[in-house]
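Got some structures for you, see below.
One chain, subunit A, appears in both complexes that follow, with subunit B as partner in the first and subunit C in the second.
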Partner chain A sequence: MAQVTTAERKSIFSLFNLIALIVLGVGVYITYLRFTGGLAAVTNLSDYNPWGIWISFDLLCGVALAAGGYVTSSAVYLFGMKKYHSAVRPAILTGFLGYALVVLALQYDVGRPWRLPYPLFVQQGTTSVLFEVGLCVATYLTVLFVEFSPAAMEWLGLKRARNLVVKLTILLTIFGVVLSTMHQSSLGALFLIVPSKLHPLWYSSYIPIYFFVTSIIAGLSMVIFESTLSHRFFAFKMDETHLKEANGVTLGFGKAASYVLAGYFAIKVLGISSGNQWHYLKTGYGTWYLVELLGFVALPSLLYAIGVRVKSPTLIKWTSVLAVMGVILNRFNVCLIAFNWQLPASERYFPHWMEIGISVFIVMIGLVLYRFIVTRMPILYEHPDYKDAH
Partner chain B sequence: MDPIFYTLQDFMTHTESVTYLLVIATLIGMTLFWWFLTGKDED
Partner chain C sequence: MSISRRKFLGWVGAAGLSTTIGKPAAAATNKQFTGYPKSFAILHDITLCVGCRSCEAACNKVNELPKPDKPFTDLSVLETKRRTTTKTFTVVNKYDNPKYPKSPVFYKKQCNHCLEPACASACFVRAFTKTKTGAVTYDSSVCVGCRYCIIACPFEIPTYEYDQVLTPRIRKCTMCYPRVTEGLLPGCVEACPMEALSFGKREDMIKIAQERFRKYPNRYVNYIYGEHEMGGTSWLYISGTPFKELGMREDLGNTPAPQLTAGALSSVPMIVGLWPVLLAGIYAVSKRKEKIAQTEQEQAVASALVTDRSEPSQPEEES
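Up next, the complex of A and B:
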């Protein structure tokens, strides 16, 4: 008994828990400052730079990186790729937490959280792209919650409710794909209104398509990346099926990501060509654009392909980190670095440390919730009462 | 040296021509890349 107590005490005072406690404590303090002192108290935002990393990272990257849910569930339930079934629940959970945290992060940027339902129920801006994004994100978050709920119901022993929700799987997956297609591309469409502010290499009338295609890349790569981390830290929770299918998921998703990346590379080049923007490639911004396009699109595509050909899950797993970084870099470029590119350096935005603090705080909330859920609910294994019930 | 365009017609003819050639190259390239990607698949 004493040994158990010592083990429990060890797990409570682990390094992760200590770091989480510090980050959450600092985050709560900055939250207090934000909602009592306003944006000026904790951010470097200004009239020239009305949005910063809370939009570029927490929102744009958050939505893109949470795309694994719809990508995986459509592969399994709509395209019948049952061999990837073990990846569905972790991907849905990541998607659900990702979207929930996007909504949370938005409260910091927009303020007055009690007004969150206003755009939907009080004053609809039906001509705004942002209205469509808001509507889709709210609906899709609900869909993800329902898609995730069977795992929670199995954990709570709610058999009848669980069986009812499982019958809706195909319908929910179709909803997920439709809603994701709409809002992932609409997040790109938001930038159609700023042709004079966004650098011509990143601005394109095809930007909604770019955003949608990169969300597929982010979704596929995040499933591989998240699976790698789960195997590292939660292998003890995985059942035989999950462990057996892991390499197949990595190779299959790596192959898909490689081909989508190659397609994305092609449409980006076609975008430059159709706008005849070649001359910008010779400038400083052009060099930075080539770093993004060659280093974070072409290179991961090639590395994924080599990994698939030589059947190296390790290479694919490392490449997924590069691809995820590429999507993050793209969102930062569109939203911050190549945005307001004509402003003098003195007027350019750099985030306040407290803005970064809130972003880290929100990521940490996601990690803590993910750990809480996967160590309790049947996410990485099948519940014994529902074996082969899919 | 970048070409100089005097009319919109010139600009469209040039950019569309280059883009159409790139589209053909993309279609061929994507097919070859698919073969490369799936070349070692079993069965």
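Up next, the complex of A and C:
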């Protein structure tokens, strides 16, 4: 991977700063409109389409793409794959930021955000899948915060507290996997209630399992993708261990992702068979379904396998982009494109530019926070005072 | 060795997960909720409706809804297909009559007040209640505004006040719950001049419908829409035109909405109970593997050292 010189780095960062400033400015303006004019002022949502991209992208994709935290920490701490240790902290950090931003996005989407704690503390609707999602996301955000906190404490020099939290690692990791299994699958289970609205090719009683398995794919692929970006822009922050292990992480995660994608392909085909939905493949939606299944599941599985076989980190890195896009495409299909498929085109939804503006704004906040943290806290390197802990 | 064991554990976990997620709860129970006994229902005889919009006007009045753009006496609005909105809880739509092209069919649409409502099952703050009168009511004092109820409703009824900044509510027909508890008829039923709407106990309404089928067999499609749809609703419809031609979904099935998600929800305790055991097991296996590897390494080093010492001819001793 090409290293960026100091001068280049400065110009890239100043360009990034400029873009960030514009995006954040526009975001603040839309935020003002949203909280003074209501959802109608900034969205194309309607009574037929109550969920737009703030749910399909910010919530569904956000949670799936933040799965790297539980995937990496369980691989390293529970499965004993110590050679990937340097990937844990960046993955936990992105997981934490990802979930925090999901919660931020929900403040825009729900009508009365200050009531978001209501399902937990005022009146519990336990028959709702959304209740499970809310409960797990709230708890898991807390778990991720605690898992991330040692890095911050090392930075702040809070040695005692840091050592205490590190002792909880295994417990927290198990917590993380349990909670992630539940809410990743529940996000899919949200759609179990709409067999009449979601196209039969995407509606399946297995949809919770599909969502869970794709979260693993997203988690693995995002770790590869992020590490590519980090190497491009933050290589100067990485210690020798991180740089040395990076190729191993790419190859190992690529291999795992290839297997999981293959398994996912198999259960998708099984789902079509068990529902006997083959005849839909001949329709327009069927073609679109095949694009998703072949182009964004089978193809990345194959490319990952080739990349591992010929030991090409470059191929694996590009494949990770394809796989991440595949997960995003899947969430868009389930929540928007194949949802309400029976409605006439005039009643269908297309996002307002300001909805996209808020989504970009929130991703930008994530990037800025990520940069703030990795340039200060021991994320991409081990803190010299705590080397023994690893 | 340990990899295959780990794989095995993984497969066991996956198998456990797949058996618990996604199965309809009906498979695990023989209980069925057929509505509160003696709850009310409204029978809409579509063959009697003349599209006068009196019900719409009455609904507007009793629910104190804002005045519409065009007065209720203006029948030109029937030319376009309308849906429920935040300002109209019920709409009458006009459809072509293939049998008698000169006399179109009118069908009144509003919340069907399911026996097991999708909205109530989907709500994570229990803002919806299926009351014993049959009405599904909504409490805005707990509503977060997530709009999952709108997603969940198979009849596309609930509407949301997108233009409200601080107090957006879900709006829909209440089956005139306040009036019914006072012993009054629902506004629309009272206003209907054609007796196209009948109000009474649900079982009586079904009997009336069947009676009409028997008396006028040529007049009706022999089917009560709402008797079984999505587990049954408190609004029942009989018609001379196939329901599909009136824009009513005939493919909804008879499974009550809560059963669609009950299987997935029932897997939660299993995940909470089994996952930690499984994961702790995997952790123990990998720890043990590490320990064995370490011991083996130590032994190998020790034996290598012993052989080294027994061969004094080699001068360079590794430390």
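Definition applied: the second predicted complex is superposed on the first by the 375 of 390 C-alpha atoms of A that agree within 3 Å, B and C clash if a C-alpha of one lies under 4 Å from a C-alpha of the other, contacts with A are read in each partner's own complex, and residues count from 1 in each chain.
The rule we apply is simple: contacts are C-beta pairs under 8 Å (C-beta built on N, C-alpha and C of every residue); 3 or more make two chains touch, one makes a residue touch a chain.
The model shown is predicted, which means the values in this text are computed figures rather than measured ones.
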item: Which of subunit B and subunit C A:G38 touches, first, second, both or neither; value: second
item: Which of subunit B and subunit C A:K255 touches, first, second, both or neither; value: first
item: Subunit B versus subunit C as contact partner of A:A305, first or second or both or neither; value: first
item: Comparison of subunit B and subunit C by subunit A residues contacted; value: C
item: Which superposed partner A:Y48 touches (first subunit B, second subunit C, both, neither); value: second
item: Which of subunit B and subunit C A:V269 touches, first, second, both or neither; value: first
item: First (subunit B), second (subunit C), both or neither touched by A:K197; value: second
item: Footprint overlap on subunit A, where subunit B in one structure and subunit C in the other make contact; value: none
item: Subunit C residues touching subunit A - in the complex, by the definition given at the top; value: 6, 17-18, 21-24, 83-85, 118, 120-127, 142-148, 150-152, 154, 156, 158-168, 249, 251-253, 257-258, 260-265, 267-268, 271-272, 275-276, 279-280, 282-283, 286-287, 289-290
item: Subunit A-touching residues of subunit B, taken from the complex the two chains share; value: 2, 11, 14-16, 18-19, 22-23, 26, 29-30, 33-34, 36-40
item: In the complex with subunit C, residue positions of subunit A that touch it; value: 35-41, 43, 45-48, 50-51, 74, 77-80, 109-113, 115-116, 118-119, 122-132, 134, 170, 173-174, 177-178, 181-182, 185-186, 189-190, 192-197, 204-209, 212
item: Touching residues on subunit A, where the partner in the complex is subunit B; value: 255, 258-259, 262-263, 266, 269-270, 273-276, 278-279, 305, 308-309, 311
